[in-house]
């Protein structure tokens, strides 16, 4: 059971992967909800703005991670490999790294983590299937398998140690949807912020799983089971539909990237 | 099978518990849908307005209840104890009283009842679970158990005698949400009126169960199974979210009132 | 697996039943999405507008159907009997006719069909039940059984031959809802167009089933399983609710047309 | 609702398809449960034994069917095409014929029918899936589609006219299992008799669906939903397993007959 | 959470309803599992055998019940009304009485109760339906409603106070099945003993529900959810089937006692 | 899709973990089903018997694994850490090792693997819950998480590369059940052999999950979904029940090892 209160405003919030695509976008936004925003990544984080702490660290460095989590109220864990890559890269960043993060949270008494999982944990469902968070996993590559590892790991840290996690199975968070698949998977940055903050501040989350998407007409994912999070998307890929369809008027129906929810991930690799 | 037609406008509508919080609110509203509004309670009902009939009665008085139901088209049953109280009070008002009401309905030929059940029939589900009307009951006290009794009783009067009931598992109907929990459970008075009237006038309801809540972003209850009622909430606790959160910026995660859907009911009593 | 690309704009689109109620309504609308709109029916189709091809044909005429499907990108199959009728009529138009259509599609290499099924495949569910596309069928007459035949047939052509179908379980598509039942079942013509076009252009549909209804407050059908189609209704029977209810203030609760989702179909026939 | 009592011993029982494989086997067995066993087929039925009535009739002959059902307590309907055949054969025997049978039952007041459906209504499920009677249908050919037609038709005759049916989704009823697939699908003749008699004599069946199989270790079908029938198989394909496996030590895993539950039916046809 | 160990052999076991049909049968059997068997009823309990304590008490007498539970390891609660009776009798014995029992257990620190619920909590399901413990309740009378009350009450005492209960939805426990319905519902006395002892001694039961029946071929209830109890019936109504069927060769299919699982209970009463 | 036939008798079968508890037991048994039994472990394998090939190899040695899988028809993968251990041990043997095994299978064209998963992937379900293979995972430690990794990995190799896997969620395979928990989880060695051989020889398995247990009266796991495997246990913990219970007459109900399915694993570690 959790022993520390979850506040609406945090004293110190940690975001990993702060130099990545989503991290750069959230960096300016999350500052509004905390006194100190601690930022970590393995690449350059630039200059600290007011209220920011820059803490470069490798996820696979256990001691560095232990130090990183010290004095932190909650974590937004975006760090790690975010595409299909050779196994050894994923192993270190996403498996060893996520283990290190949760062990550090346990030792430092951090009680809530928002974990950037991925829709690729269920990427081998077809695009004409609609699933929810209870559907058995069907990862579409070693990246998806590593995110499934993180979901299972965080479930354990909840059942055993009372550390709460919201797993965000993020679809495609970009300025706008780039292709026909993203008409289903797209999440605007504003909706991403809404989802992260709802996950950080909902009174009780235990171990929850929510798909990260905007209010798109086309969807493969049913978030009914996560209504307790209070996430209500305000944007929609529908705004961009006509333009996207005009750029991609036809699709190859024999292409796994068209058939499966995971898109091109389902035909990436193997690398050796 | 029901043998009497359900009209859109009622000749005589009975509302019990008319002097209670919800009763006082609905009193002025329901008059618009009927020629005569019969009102009953054990406490003072004030003066009868045009088209009102005031009929004080104790729910546990079988004869009084039989008389109360005479000549009535339909019933909105709000009467009884509405919080966790010592068993004997609940026994008389909510168990004996509800039995008396349904027996009177059977004898007087009343064919539809809107029964104010409560979310406390499932109050021991966690606040990070989302359930629907088919979830096994987990009442959070003797009050919730008595409402479960009423749900089962009314199911029997439908299966055996063709008396239709809509069970409203009301969340928290107040002028505005008072605390963080009510961001999930709140139902505005306007939405309450919408829900009661939809329940009274839907062509066929058999034995239906619907959670009574507004269109809140945070929710623990899925009303998909009750779409045939035609209830579409127009209000939302989201309007009040910022103010409520400002007043209650932190919560104690070890408090059952924070963990379970039933809130403080889950730690009220026992009284001896 | 499908072998031909599904475009957003079609070279030649075939619509059967083009002289029927929905056909006449869609005729002008579908032209915008294709170079050539081929129209077929057994009754008079009037004069061909620019870009139209008129091809009268009987569904039960196997050779005529084979010719009809030649050179077609996709089919909107509205043809056949659309109400409860004597068995022999339904047999020829809806069973033999649908078989002929799918055989022709197989031989001509047509890869996607939008099939006008009907809510009458589940018409013997009660009006106080909410179902989805996985609910076992309960047809309400020989018409409903013939539509169930078409759904099963099209499932086979997908599993065996890779021909995709979206089965539209159309509720009541009329200019406006005519009675209390249609407050649940109504679909505006604009929403019908949206649904047909979403079904024709969704990247992958395999064999999908979707109920055809507008965004009505009262509903018996849950389209969650079909969100991948991307159909988002814009209209609602709620606009007409007050007028409809005023015209039909009471209903006979012992009438099967009031009790069951299929309405009056559930008490039509038998014809001998 | 049914209006005639279902006895344990019948005055007159009708079995169609009496000259087919299962019919010949059941002919001698069913006589023990009735005073008169009426037998029908389109091919030679031989000489009538004591208590037998021979009534050759074509299923597609409506008048003949009406006469055939006269004075009958219950029907075991085995007649019709029982393998994948050209559509027109299946249409007449299995679609028109089954319609004729149920119409005759309605007119003659027959209240219970045991309908020989087939596992081929779900033949396109994979052999590594376990399904029950609520799984959406996936027929593996026009034969399977025609049996699905019969299941839907009989559901209607129950919902509308109170005629009860047990649909037997028969696997493979032969003296012994012939191949690896039949280790899952086999039903002994003794078990077939048990299943038919349980279906005829269970007090209430409404519209029930049960898979016809012996107590085989390997199985794809879960009959939990049909336990009210009281069918308890006594035989098992396991007795024959070693011999069958010895004769078929390897299988081609790319063969649809190995992959899908329908076996070779899934690759039979099309015939033109 | 429970705080007292559940032993395999009890120091003192309490059985209420000890003078009733099942109580008399279990009296001799339960003695083998405890040092002292405390027996209670409102009617004469005869003479105490070695190791027996006789404690007449009325269930509705709160003080008597408190005394009755003192020093007890576990309870087998068979007491109360066991057939459909006028409401006031059921109210006192089954509602007030069960409340008194659980309050006494709470105050006396008793941690496990085996509660004789009844199949009549789901008696309005049809005899051609198979249900499990998660099916929504459909009681068939005030008796069934009172047992549903006990199930909900005991769920609360588990969720709130950590008192474990196994609810036994007993079918028909008699020396042998008396009629066709009991071919489905029968439980031998030996199986009753097995079920009670498994419920008393299973390491962890929380709040469990199990249908009480022997290994009958015909069944309406699926106990899969209760396999953790370890109840394995050894008897079967099948032994008596031929004799029972011979005595009752026909049934009236319009009789609710034939249609519904609750049998004659579904048409007993109302008493005024 | 698999491209190689699965035989009943193998030319060369590989068993990893051959020096472990289950490996030593299966070594003598599997030889009967193959011409050559290749055995691997990191500890001493003794002397090769006729038809045996001894191939010591470390699972984390990618090249060694590639060589190990050469010329193999199928694999029984028992290797790796089989209890809760420090993370780094589990990481190498169970995560890197299982990855290496599947990559080697892919490169060497091996088409079926029997993977020794564990009940500890769902060890945080309570002992009064009954689950099946579709229940969301709740691992009880890093060992369980690593087995969940293997299940997800093997799902991917099926979806992407057509390599079939049966995941055996083995309970407790020992000569006899040692404690009360094992009355539910025990699997005899004979049943283990039956399960492994059924998994190796079933015609089609795709990606299947089956709990490994004997026919125990007490059970927490429902294998209905895996009936296609054809595993029918012949032994039961019931034989040992009296002796086990006599040795462990009481249990501490506050011990996680008593409450949760994972037993003592749920309170092992953390190791730092």
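Per-chain numbering from 1; labels A, B, C, D, E and F assigned in written order.
Just so it is clear, contacts are C-beta pairs under 8 Å (C-beta built on N, C-alpha and C of every residue); 3 or more make two chains touch, one makes a residue touch a chain.
In UniProt terms the chains read A, B, C, D, E, F = NAD(P)-dependent oxidoreductase.
Small disclaimer: the values here were computed from a predicted structure and weren't measured.
J.: Can you name the chains that touch subunit E as well as subunit F?
T.: Touching subunit E and subunit F alike, sorted by label: D.
J.: Taking all residue numbers at the subunit B/subunit E interface, are over half used by both copies (same) or under half (different)?
T.: Result for this pair: same.
J.: Report, in whole Å, the distance between the mean C-alpha point of subunit A and the mean C-alpha point of subunit E.
T.: Subunit A and subunit E have C-alpha centres separated by 50 Å.
J.: Using CA atom averages as chain centres, what separation in Å is found between subunit C and subunit E?
T.: 52
J.: Could you tell me the distance, in whole angstrom, between the mean C-alpha positions of subunit D and subunit F?
T.: Chain centroid spacing, subunit D to subunit F, equals 40 Å.
J.: So which stretches of subunit C touch two or more other chains?
T.: 224
J.: Following the definition at the start, I'd like every touching pair of chains, please.
T.: A-B, A-C, A-F, B-C, B-E, C-D, D-E, D-F, E-F
J.: Show me the residue ranges of subunit E that touch subunit D in the complex, using the header's touch definition.
T.: The contact residues of subunit E facing subunit D are 126-130, 180-181, 183-184, 217-220, 222, 224, 238, 245, 249-254, 258-259.
J.: Which positions of subunit A touch subunit B when the two form their complex?
T.: Those in contact with subunit B are residues 1-9, 111, 201-206, 208, 224-232.
J.: Residue numbers of subunit E touching subunit B in their complex, please.
T.: The touching residues are 87, 91, 95-96, 99, 103, 106, 121, 124, 133-134, 136-142, 144-145, 148-149, 152-153, 155-156, 159-160, 266, 270, 272.
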